[in-house]
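Just dropping this structure here.
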Amino acid sequence: MDYTITTVAWIVLLPFFAFVINAFIVKKVPNVAVGISCAAIFGSFLLSGRIFFDFVFGKYSADYHVHKVFNWFDLNGGGQEFVMKMGIYIDNMTAMMLFMVTGVAFLIHIFSTYYMKEDTRYGRFFVYMSLFTSAMLGLVLSDNLISFFIFWELMGFCSYSLIGFYYEKEDAGNANIKAFMTTRIGDVFFLLGILAIYFQVGSFTFVDIYAAISSGMFTDATVTIFGFGLPLALIASLAIFMGTIGKSAQFPLQVWLPDAMMGPTPCSALIHAATMVAAGVYLSLRMFPLYEIHPFMLPFIATIGGITALGAATIALVQTDFKAVLAYSTISQLGYMVLGVGVGAYNAAFMHLITHAIFKACLFLAAGSVIHSLHDHHTHQHVQEMPRMGGLKNKMKFTWFAMWCCTFAIAGVPFFSGFVSKDRILGDALVMAMHNPYYWFPATLGFIGALLTAFYMCRMMFLAFHGEPRDKDLYDHIHEEKFSWNRNLPLLILALFTLGVWFSGSLTGQKLVKVASDKVEWFDTLIVKPKTENFKNYQKQNWGPVDIKSTISFPVSKYDSNHGLSEEEAHHVHSVHSIGAIASIIIAFSGIFIAFMMYIRKSWNPGWWVNTFSTWYRALQNKYYFDDMYIKGIIQKGLIPVNNFLAWVDMGIYDKYAIDGWEKVNRCAFTVSKWFDNIFVDTIAVDGTGASVRAFNVILRTFQSGKIQFYIIMIILVLSSYIWSLA
Amino acid sequence: MFDSVLFLLSAILIVVGSLGVLFIKENIMHACVALLTALFGVAGAYAVLGADFLAATQLVVYVGGVVILMLFAVMLTGGGAANENKFGIEKIPAMGNVKTYIIAGVNVLVISLVVIKIMANVMQDYKAVALPAYESTVEKLGTLLVTDHVLAFEVSSILLLGALVGAAVIARPIGSTK
Amino acid sequence: MSSHNLDVYMPILILIGIGIALVFGAILFGKLIRPHNPSRLKEQAYECGEDPVGVAWSNFNVRFYVVSLIFIIFDVESALMFPVASVFKKFNEIGRGGIILCTFIVFVMILVSGVIYCWRKGDLDWVKSFHLNLDESSEKNTQEAS
Amino acid sequence: MNSMYPFLFLSFFMFVIGLGVMIARKNIIAMLLGIELILNASALNFVTYTRFVNQNLDGHIMSLFIIIIAAAEAAVGLAIVIRFFQVRESIHIDDAAQLQA
Amino acid sequence: MNEGLISFLSQFDGHKAFVKMISDFAGTDATSTISFFIYLAACLAVVGVMATIGGLGTYAERKISADLQARQGPNRVGPFGLLQMLADGVKMILKEDIIPSAADKPMFIMAPMLCIVGVFGSLAVVPFSSGFILSDLNVGVFYLLGISSLVGVGIFIGGYSSNSKWSMLGGMRGASQIISYEIPVTLSIIAIVVLSGGMSFGTLIGGQGGFPHEWYILHNPFTFIAFFVYFIGALAETNRAPFDLPEAESELVSGYHTEYTGMRFAFFALAEYIEVFVVCGVAAALFFGGWKVPFDLGTGEAFSALPPIIAKNIGQILQLGSFFTKTLLLYYVVIWIRWTLPRLRVDQLMTLCWKYLTPIALFNLIMIAVWAYAFDGKSMFELFTAMGSGSTGGH
């Protein structure tokens, strides 16, 4: 397949056109709009499937990429050259992302036709979804940071619209503002980072940035802030990482994501799985070579990731809202991905992005399926609280089955995808810890988080699906789940892809341990860190205006399974991987076991834990007081006092002394000047000015006659004299 | 030789028609017909210049379209009748008076000086080149319209759309603002 | 340079000349042989025997203008479509038919949307104002009744 | 015709007359006629230069679009005139000196 | 670039020799001069034939209507009343020429002239045969659309200048009807241009063949519809029944030519009849293969036994016969329709144009473009035959 911009861009354009068309017709014919949206995303899915199979099963090596550009606009002039180029960049990572995003989004679209059917704004939801998906696809295909940022912000807007979809509810309105403003903090830094990179590289394109990195442009560059010379690489990568923190809800900007579940559940599935939060991690992966430059950066990222992973997992322990547990688990899993980036487990982090997208989409859709069925006939609202559930297994078999698959995946049970990806991150964290003791800290956080993950997910499952129904009235009103294509089929398809075999490439399980230790799977041969030296030649390459095919041939590279170490060390490292894998299995099963004992056997009383650690329990219930801290601490204690102080300065000092003092001085001057005023100013200057203005007025008024022909004459005369002076 | 004849005929039509537009005072309808004459002359000039398609376009768009539109508009604004409206103003204005013609003459003189000054340079710089033979321009125009100028082609349809919608909205009878 | 190619415009000029000559010639010739007895009644405009009231050049309904407006837009559009249409076959033969087809369809569709607008807004209805008056008067009646 | 000057003078003549119409006439429709003359003059100029100077067809394309724009301008302009007449019962240009009906 | 009568004649040696002789005699290049005289003769011949056809049109109209209504029709003047048209002509010339005192005199005189000029100008590109076409302009059909819209201006000015209410209404209606129906007509013509790849009548007819299955009307289903759209639009453009609202006797006395008498009225009538012939000729050329004769007899190659100049001319005569047969048959259909269908109301007229014909024509245009793209411009019959031979593996 010959990839040109025009062929590939349809992936983005189909949902976008669907959005444009639907925006006009949605009020009249919502059902047609839904059909158009689904068809468009399916078309994108087919196109990206073509690309995916081309890249993954095709003849291309890990380094193969397609990069096509065209000149967007050209500001050559005044001796300065600025050509803004746009284009597409497809490598294996892009191909997989495209396939994952379109596939998951398509299934979510299908599910939404069931979930949103009775909604009053049924059609409009799909309008937003189309734009959202299109923005994510555009972001994935971007070859430069500017278009990346454009789509990034477009996604921010879409999430704003979707979170606030039920804008009648005050909560939803607050939640979307919160999400928008919180991510905006990260975005500002991201934009600064883009500018910092541009001033050093002179280009926004990824390949140019890679080329600049490989030519050492960042190694010694410094930037002076307040007189301190700071390394540019650190500043730029920190700023860009702030974008990831905002978008992927990392500590300390994680507060928006739990509130984002105010939107309809399918949109939560899209935000939490395929699009919004994945974009942040995707950015980190794209800019990974930049992070590698400064030695401070990776440990910092790993620490952020570890803290997020554990912190969110602990909060999830005490949540009673069905979707809140899932929301915190998302934050926690994103923490794992960032941890993976931080420990240099590039491909593991990406793999976790993919696997997490699939099982989290499935979890949210299943949650939607559950919530949709639980209809409180007294308040006429859907029930999300777990204490009112229980025993749902008998009523909804398919949902139950799909959800267990995903729970196993997220908990890291062998044979499931989460085990393959998450535990590889932990294994690589251990490997890094062997070399640099600092990494013990994030690695430990990660392992504890894994234990808690297994626990809280199983707690959720046990509370909701097993045991006796706690709200009998509610339970009796649930309809028996019958298989329907748009409710259960997406769930089952997604559940099918939570199996580890798709990612590990081994069916038998004989490589059970090796899966996490040996690096022979297809995934690893295809996803490797971008080798910046490959891009060196790009710097001088002369791009034509349109569609220049990459002429550089890349050597076929094998995955560097030895982390760049010698054979002997490598053996040691692999044994660490095995240890990590075994530890993961143990941790996963112990988490499940604890949950089992607490909620099924009821041997261990959860209340005891609550009473014993009541302080912690309250802290967790209040989400570590982060929201309070932001509101009470930063806004009330910080910004408002500062405002008050400034107001006081204004009133107390300027007003009191400067202005009132001047008044006294002025009074004295006034009497003197009054005399002067009357004689000179009033009579001569003011009246004189008035008279002269009136005199000019007579002349000038004729120009503003409103008579077009007079204007024409004036235009002609002025133009003639101008041309005369030129000719 | 025939090209000179054709050119002379076109030039006469253009000159007579233009002067007619300027000086026919009594009836705007007659001025429209004078404009028709001038536009016919322009079509002839296009033919002499080898722009066969443009000549035909001139006929189709102006003769069939713009002039009829103008005639309709004249009829819709009271035709040639010279009566007064309710404000006591002449419904159809006099076509200009001595004062306006004098001002216009001065302006024309000024702009003529400017243009002649520019044209003097052009004449000095212009070197005669061998003229191409007359050949069909339709295929070339069509090719240009869908290759180099495709954006202008599409945008012009949007321009026409805007003109259609805007003019329809403006000209819609008062009171039918459904 | 050969100007012979311009000769093809000759018949047009000749035909136009013949047309003009025919009109004037026939009338001049007729002048010699036909009667000429003008009278006031003959020179009056025909109005079924009555004396004409006022002049005929009164205001006309604006819908005539709207029709000619839509017409001129289409006319100009056809001026753009003709050259594209005449290269359609050529492009098709060299295998670029898809592009020109898309260009063509987009061009037409944009204008079709304008026509649809006029249609929906009722500019194409000849008797629209009649309906409107009916509606308004019926509304007025119901208001008065209530 | 081997020289471009006749055409240039012809176009110049049309332009100047159109200008005169724009300035001298008091009838809005007559002014629109003048605009048509001016636009035709410029289109003729483009075609002249195409034949005698650069000999590619960009000038023709330009003239084509000038014709299109002239048609659109006539349509909208005359619509405004008609509306103006409905409001003021006049098509005198000096009655259009105010920005309100 | 452009072909025509002269390029046909210049195939023959006699013409070349004659041109050379005159050039030598005059001392300058006399090609243009000779062309002028040839054209003048040809134009006069065409105008003469057309005037006769126009006159015969009035006769045929009466005779056919009489036939349809089981009457006799004109049968006093000459055999079968054939000389009726001469009698009419004499009557017209002898009638008093009245110009109403309230009329706009210069315009009143100019209106029939515009109609005549518009119609005569369009005769220049009517393809009588492959050789006898006055000038086969490469923008032929487009030019024809442009020059024939002068008729609309003429009718409008005729209605306006009479200063009579009947005339004014008729003129307004006539002009708006003509321009409205020009849209579907133009769109149908564009559709055919898409298929044939050129605007000159030579190209348009050259893409067809002598047999009905090679005509554009049977090229595909959409051209079949396009023909009817064209034909209905052409009827309305020529103000023929059932679209003769501008001259509707029952409501508008006589429409835009109420105040015209004598020769001036005759020119309006003549213009109308010749225009009917022209649109029928264009319909024949666009949809019915024009001058094409079956078995390619028209090229004259079948008579290769004869000297080429005679063979060619026999071919030309066959072509003329083919064209006139088709055109006159369509002419008959036009008259037939007039005496069969009742007149439309004015709102029905506009509804028919804008809400039926124009959308259909637009749809047709797009579908024909798609057809030309999808099947490489092959006609249905070519596709069928390709399907038949495709089973044996050929392509």
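Residue numbering begins at 1 within each chain, and the chains themselves are lettered A, B, C, D and E in the order written.
Here is the rule we go by: a contact is a pair of C-beta atoms (placed from the backbone, for glycine too) under 8 Å apart; a residue touches a chain by one contact, two chains touch by 3 or more.
Please read these numbers as outputs of a predicted model, since none were measured by experiment.
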### Message
What's the minimum number of touch steps needed to get from chain D to chain E?
### Response
2
### Most distant chain from chain C, judged by the mean position of its C-alpha atoms
A
#### Entry: Pair sharing more residue contacts (C-beta pairs) when B-C is set against C-E
C-E
### Remotest chain, chain E as reference, centres from CA atoms
A
### Message
How many angstrom lie between the centres of chain B and chain E, each centre taken as the mean Cα position?
### Response
29
### Query
When the centre of a chain is set as the mean of its C-alpha atoms, what distance in Å lies between chain A and chain E?
68
### Where chain A and chain B are represented by their mean Cα positions, the distance between them in whole Å
58
### Summary
Multi-chain contacts in chain C, i.e. residues touching at least two other chains, fall at 1, 3, 5, 7, 9-10, 55, 57, 60, 62, 64-65, 68-73, 75-76, 78-80, 82, 85-87, 90, 115
### Sequence positions of chain A contacting 2 or more other chains
709, 713, 716
### Message
For chain B, give me the residues that contact two or more of the other chains.
### Response
1-3, 48, 53, 57-58, 60-61, 64-66, 68-69, 72-73, 75-80, 100, 103, 107, 111, 131, 134, 138, 141, 145, 156, 160, 163-164, 167-168, 171
### Query
Among all the chains shown, which pairs meet the touch rule set out at the top?
A-B, A-D, B-C, B-D, B-E, C-D, C-E
### Task
Enumerate the contact residues on chain E facing chain B in the complex.
1-2, 32-33, 36, 104, 106-107, 110, 137-139, 142-143, 145-147, 149-150, 152-153, 156-157, 160, 172, 175-176, 179, 182, 198-199
#### Entry: Residue ranges of chain B in contact with chain A within the complex
100, 103, 107, 110-111, 113-114, 117-118, 121
### Task
In the complex, go through chain B and note every residue touching chain E.
1-2, 27, 29-30, 33, 36, 52-53, 55-60, 63-65, 67-68, 71-72, 75, 79-80, 134-136, 138
## Note on the structure
Listed in rising order, chain E residues that touch chain C in their complex are 1-6, 31-32, 35-36, 39-40, 42-44, 46-47, 93-103, 112-113, 116-117, 119-121, 123-124, 134-137, 139, 142, 145, 147, 160, 162-168, 172, 175-176, 179-180, 182-183, 186-187, 190, 193-199, 253, 258-259, 262-264, 266-267, 346-347, 350-351, 354-355, 358-359, 362, 365-366, 369-370, 372-373, 376-377
### Message
If we count contacts the way the header does, which residues on chain D are in touch with chain C in the complex?
### Response
2, 64, 67-68, 71-72, 74-75, 78-79, 82, 86
